[in-house]
Amino acid sequence: MSTQAPPAPTCEVHNPTEQWLRMDRIPHIWCPGCGIGSSVNCFTDALEKSKIPRDNVSIVSGIGCTGRTAGYLKLDSFHTTHGRPIAFATGLKLANPKLKVVVYSGDGDLFAIGGNHFIHAARRNMDMTVICVNNMTYGMTGGQVTPTTPLTAKATTSPYGNFEEPFNLPYLAESCGAVYVARWTSFHVRQLSKSIREALLKPGFTFIEVVAPCPTLYARRNRLGAGIDAMKYYREQSEIKNGAPTRDVALGFQSKIICGKFVDTSRPTWLEAQVQQHRAVLGDKFTLAENWEGVGEPRED
Amino acid sequence: MKADPKGVLTGSHFIDGDHACAEGALAAGCRFAAGYPITPSTEVVERLASRFPTVGGIFIQMEDELASSIAILGAVWGGAKAATVTSGPGFSLMMEHIGLAVMTETPCVIVNVQRGGPSTGLPTLPGQADMMQARWGSHGDYEIIALSPDSPQECFDLTISAFNLSERFRVPVFVMMDECVGHMIERVVIPDPDEIEIVPRRLTDVPRGGEYLPYRLDGDLIPPMTHAGMGHYPHITGLTHDERGYPAMNAETQDTLVRRLCDKILKNADDIIEIREDGVDGADIVVVSYGITSRVCLPAIREARAKGLKVGWLRLVTVWPFPDRLIRELAGRVKALVVPELNLGQVYYEVERCAQGQATTHLVPHAGGAVHDPEDILRVIEEAAR
Amino acid sequence: MSQVEKAKPKIRGEVIVDRERCKGCYFCVEFCPTDVLAMSEDFNLKGYHFPEIIAADRCTGCGLCGAYCPDFAIFGHRI
Amino acid sequence: MSRTELRISGFGGQGVILSGMIIGKAAAIFDNKHATMIQAFGPEARGSACSAQLSISEEPIRYPYIHRPDILIALNQDAYTRFEPELKDDGLLIYEEDLVDLRPDQRPTIRTCGIPATRIAEELGRKIVLNIVMVGFFTAVTGLISPEAIREAVRDTVPAGTEEFNLAALEKGLRHGMNVSANT
Amino acid sequence: MKADPKGVLTGSHFIDGDHACAEGALAAGCRFAAGYPITPSTEVVERLASRFPTVGGIFIQMEDELASSIAILGAVWGGAKAATVTSGPGFSLMMEHIGLAVMTETPCVIVNVQRGGPSTGLPTLPGQADMMQARWGSHGDYEIIALSPDSPQECFDLTISAFNLSERFRVPVFVMMDECVGHMIERVVIPDPDEIEIVPRRLTDVPRGGEYLPYRLDGDLIPPMTHAGMGHYPHITGLTHDERGYPAMNAETQDTLVRRLCDKILKNADDIIEIREDGVDGADIVVVSYGITSRVCLPAIREARAKGLKVGWLRLVTVWPFPDRLIRELAGRVKALVVPELNLGQVYYEVERCAQGQATTHLVPHAGGAVHDPEDILRVIEEAAR
Amino acid sequence: MSTQAPPAPTCEVHNPTEQWLRMDRIPHIWCPGCGIGSSVNCFTDALEKSKIPRDNVSIVSGIGCTGRTAGYLKLDSFHTTHGRPIAFATGLKLANPKLKVVVYSGDGDLFAIGGNHFIHAARRNMDMTVICVNNMTYGMTGGQVTPTTPLTAKATTSPYGNFEEPFNLPYLAESCGAVYVARWTSFHVRQLSKSIREALLKPGFTFIEVVAPCPTLYARRNRLGAGIDAMKYYREQSEIKNGAPTRDVALGFQSKIICGKFVDTSRPTWLEAQVQQHRAVLGDKFTLAENWEGVGEPRED
Amino acid sequence: MSQVEKAKPKIRGEVIVDRERCKGCYFCVEFCPTDVLAMSEDFNLKGYHFPEIIAADRCTGCGLCGAYCPDFAIFGHRI
Amino acid sequence: MSRTELRISGFGGQGVILSGMIIGKAAAIFDNKHATMIQAFGPEARGSACSAQLSISEEPIRYPYIHRPDILIALNQDAYTRFEPELKDDGLLIYEEDLVDLRPDQRPTIRTCGIPATRIAEELGRKIVLNIVMVGFFTAVTGLISPEAIREAVRDTVPAGTEEFNLAALEKGLRHGMNVSANT
């Protein structure tokens, strides 16, 4: 059944992702060929390159397979309730504006039950980076339909094929006011890492959709093969169109996937706008909290 | 620790309970509030919205109560003392996050200015029918603390107590007001900051980058906390977790965790519970009440005493944890316990349970929308005396 | 980046596999640009096939295998 | 009896709550008495009838509701019609002279004092201070609150920048009240 | 009325409680379900999603549990029998709409397959700690009905009962399963349609366009209903309302309405309450249990009897309304009541309350995540016997 | 104070709105000059002209001043919970596809607490007409800020001026898939009535924003005068641009108001898509409910 | 619409006011295209000014006043 | 004793639950006995260890859990290691011959029957029917269920269109079991 156990690699070099992981929790629960793990590599690589000190980064997840991400990262990490990581992150950020707050969660968590928090945080330009691993299903609960499941795809709760139009996530994000919107697949590891880095370094509400395989549920039920088959599909059917109008980037069942950075703009974050407005109206009476130094000062970007 | 003078509006004020509650939060060091308007609680957040920018606090009106009730948990882990404020329908929406706060041991304060229910019910009129909800409204087993002020002054005082208790026990604490107390205007005396005792957050002394276990106990049943940004990298989850904070989904971990979460409140109940009483010693009949009803019952007690009945007055300042032992002992000493409340029987059931048949128990129900006519209470006192 | 500065004619890399962590997804094998890897016929203790290095000298240390690996079981680096 | 119970009633926009607030504040903060005010909100707190219950006492006030007020301040007909019957037989009725017509069979045991508060306020140039005029009048005719306390309370309550104007309205009311008191 | 054959899968099936529950709903005439997936309840909606299209029913997976729990109310007013299905965290999100269903007297069924809590807790493992939440989780005063099956067969049977009771009393009825029962596989016998008794909706006989008062009583405490499209133009609101259904925000209307809403359940309690018992007559000690625990306690009872103790077995099929009278009487006849549950004390408190000190009461707590070891129950029985 | 009570008009002619009202509940609770009442006239006029039989129309409201609308209309009318009328309406419609379901509610109800239901119903093309009276505040609770309050406007919970970017409702609706999107002010009574009629007659998710005055709270706090002043502002500052790209129609404080019909397109409704998909996959096994006849048949529009 | 068919030189209308229902918002007065209405100096029982018909003959029955009136207190119709 | 307790264990993907389901169904539906099956889900119900408890009895089954099974079906090493100790001393161990190495000190009182179910399934051309092979084998060696019942149960349980193939696998298992039985 298996060959002799090989010796663990003895060299000093380490997998660069490891330093960002809670190694006492590895191996993780994700299935073979699940795309979440690949996205984590890109995230840690982006973190590394962003040079943001580890102590200043918080990661907040909801509930789901993707929602387990927070629990594997050696960061201040919060595994909240299903659908609410953005609302939690809002409080976290506002209480300590020095933090870079990242929300890492699944399509169901962020866009089914969590849709309202998403659109409001985007509208407010609440300062956080939201990474959505879109596997087009509820992985954790066993493969139900989500608001991103493509038309005709099967899921346990759409056993005869999904007939509900899914959201076009980049379009939704833009229409609510996100200042940075990108989509990649888990095949686009380099571009994804770069996008995450840009998003981390950009003030305001930044959003990245990562199309990724769920071989165990979504792919199996739709007879789409293993994770590697999804990755090949991404390789073949993706088209990079930076700046594409978001209304044109909707996804279909096994259709072409438009990837790229679609939105990169700028407006005051919620905290900046708050400080500016209150300072303007209240003058001397306005009091900045101790840990907000610099918030609301002019910035260049 | 003494209160930060920035938030303390020392002096005498003629304000209502909602405003007093807001001032209590400010004095207690609350610097973050997330809320969603709802009658009759809105004045609390309106006052915070106007006061916070002058003291370095942040108010955010969230998209709904689900968001408010978890945003405050985020803020607490970000280092703030935080509260949210609501009324019945909004309280019903907060139930999931009360469970999360309990499970993650996040200190926070939730104010519920009770109106008439169920459902949209009587938005502008009083009720006291969310008392059991405060205890049992979220799924799973847990214990919380709930306080019940009966005057604007107490709205101020008990809001401070609520913050202090929440920090001591790392538990959500409810200030269960009612519309009457929330909208009643009286003198509220706000002391000097150095007369206000504040419980600071108990943070770990593990240094930045040191090995910190978020749920390792340290002498008592309440583990010391950390904040995001302190270099401890805690993992905080609503899943059943071990002392590292890691999910550990099995019955043993569940037993250890959930029992401790309950025990930290139940074993400290005597320390937590506050009551007020008058004429209870030697009484035959004791009226047990809370909130506005503890003032509404006074003419009935006066009258009954005038008629020669030995009637005591017992007010639950702390409603949860329930003073089981106290009521049990009391029931052993008296003939009857009379419980008027603005509901059809909630705290009454607890009194009945603890009385264990030693004394008779008498509910004076009221469906809400107004307060009792003291006559109705008197009538039941007289009945109980027979 | 320092490695790039020395514009060597051939960039050399090393790839390291932790086969027990591998879940046999095939990503690294498929996406290694220089075909350094192949799936072994053997199973690891969990019962998965894992990548074998079939042409170590072709490895440029580009790191792609590690970037793809969902199980943090492989990584390549420049030497 | 050391407790005086007072109902103030009118329609929304007449400043009923604010006038109760000022009287209560004068008593509780500046005269060092005790005062408890209960606000009755209509279902939607806009437009319709509006009323406040105020108790003023030398002792702490525990039971906060009033059933048979000692004093009724009626700012419109509706308030008079609705609340006059509950006024104590030896009570005092203070009313907006132009907006309330007393019933011919008004109980004679009840002392009544009218003031054209709205007209006075209009004369001052701002109808909305009618409640302040009324508060002044109330202070003078009842003597329940000291004029100093009520002045402080007005100053402390009205929006910044409007103090002087409101105080002028207050004085008008006070003066009107003195005359009435003198006349009774 | 007999069941519509279209939905009835007559025959013997080897299926789990979740699937049986779905079949029960189908047999009961449920043709609309709105749900949101959550372990361990998801199989119920999955089965409905696959079965409904073949029987003219509609399943919609809503965006969350808030939406599911109100979509079913809409569907009921549209003419359907409707249900939603969830587990702890989702149940917490439904609390506001439980109040709305109560207030508008909308018959509906809510299934909660209980897992370990609080918060996310133990998603795949059992608990029975949402029992009090079912009773008290929404704000304001109200009464509901809650049933507790202990086998897949009962998941089928009691789901039908739940629909029938909801129609009879115009009240939300909860099927409070637990993960064990939900995932346990046994033979489930589905009878012929004409052996299944179905309570049809009681609709008004006021003709189209006639003067229909939505809350006018008609003989009993339960007003007949109408549906949208029947030409009666009812106004349905969660505000306190009079018999026309119009908002009437005052204490009198509140009293009339809320008392009736409670009375229609409480006064019919004897009719609603179902229990099972074995060896209760003449017992010294009675084990009171429900759900899976009523099966888990059996070896303990067998053992105790073998040791010569007179132990009775009482199972609450109906948990709410609580059988106050029954337990009170029972307590007068026995020495002790032993209550094992997969929580740290919920239904136990009710037993304690009703016992009124006549019998001793003994909780056998369990934090959840597994079932009791029967030994633990035996130990408490033996203690109680001493 | 008032002149002699004039005799009630004795003529036989009646206010055409009255036949749609529960006259036993009039006068309503709305303040003088409140825009909700005007919108109701337009709605009843549209209903009348749509010729949809009264018995087939249901109106569903949430909680708020606008939410009281359901209670005044002599229709099957449902006053649900705050934020949830769309979710209630979804169940209502699906249980009885013959009904024309109208959701009538306020900006706070539909877009603060109710935002998630809005975006999902639009995505699903759930067959209903949503009318939002946007008074830019929470009227019922006393004038708090909402997700549509313009920047710098004051509200009780933004006492120093709102600093949160509001939603651009037509843009949001379109990005989620609404098939009909229009905006009018309560000044545009004719156009509004026509739009509502079009929406009522169109299958799918149709959305109309009605900008309307809340003189008591929004206008008073912002010193904008009475209802009539708002109406004059609408008259002067509105610009009708049918077909304007929704992304360009955001509202500012007392700024120009772009009105018009912005979107009028077509795709299968949820029910149609469901029937089509299930019929295609299940064939004979698919069973249509008794009351769905005709659903899923080809339609022309 | 039938009224339009008979292309009369001048369309005539009638406007009816229920002054007790009026809350004095001024909409009808302001938006009547032919200035049929003016606000009365008097108050109704609720204390509001209400519209008076100052030029009944100018009324075209266009119905706008009724379409605007938030209190269902006025309406115009063709005669 | 009329009750037989059985544990089936392996890893996810081996069809543990389905095999329990089929045995239980054969007993409960087609052999008219009583059967109760308890599924143990791992935290995430994917990949890891997987196990089912099945009780079969002539009487109704009330207490549904099993502590000391009469029969253990171990589909991998882990299952054997974990659950063999709880097997009754006179129990029966049925195991996947190629995936389980019995300990040298395996309790001698326990009857053991191995079958290379995976290999047999692979020979049939579809590895995933290893559980059906195992079910057949179980039926033969225990005699707890009638072959007719188990055939019905398989037919009734497997996806439409795969009946014949699965029945073939079942027969393989049955036959293998007959031989073993014969051999023991």
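Here are some notes:
In order of appearance the chains are A, B, C, D, E, F, G and H, and numbering begins at 1 in each one.
Simple rule for what comes next: contacts are C-beta pairs under 8 Å (C-beta built on N, C-alpha and C of every residue); 3 or more make two chains touch, one makes a residue touch a chain.
Note that the structure is predicted; figures quoted are calculated from it, not measured.
Without chain F, contact groups among the other chains are A, B, C, D, E, H | G.
Note on connectivity: the fewest chain-to-chain touch steps from chain D to chain E number 2.
Distance from the chain C centre to the chain G centre is 83 Å, each centre being the mean of its Cα atoms. If you average the CA atoms of chain B and of chain C, the two centres end up 58 Å from each other. Separating the CA-averaged centres of chain E and chain H is a span of 36 Å. Each of the following residues of chain A touches two or more other chains: 1, 31-32, 79, 81, 112-113, 115-116, 120, 140, 142, 147, 160, 270, 274, 278, 282. Residue positions of chain G touching 2 or more other chains: none. Looking at chain B, residues 53, 63-64, 66, 89, 96, 100, 119-120, 123-125, 237-239, 247, 249 sit in touch with two or more other chains.
Chain E makes touch with chain F in their complex at residues 6, 31-32, 34, 53-58, 60, 62-64, 66-68, 70-80, 82, 96-97, 100, 208, 227-239, 244, 246-247.
Of all the residues in chain B, the ones that touch chain F in their complex are 35-39, 42, 45-46, 49-50, 53, 59, 61, 63-65, 89, 119-120.
Chain A makes touch with chain C in their complex at residues 1-3, 5-6, 8-9, 11, 13, 15-18, 21, 26-28, 30-38, 40-42, 45, 186-187, 189-190, 193, 226-228, 231-232. Of all residues in chain A, only 63, 79, 81-83, 112-113, 115, 138, 140-142, 144-145, 147, 156-160 touch chain E in the complex they form. Chain G makes touch with chain F in their complex at residues 14, 16-21, 23-27, 30-31, 40, 42-48, 63-64, 66-72, 74-75, 77.
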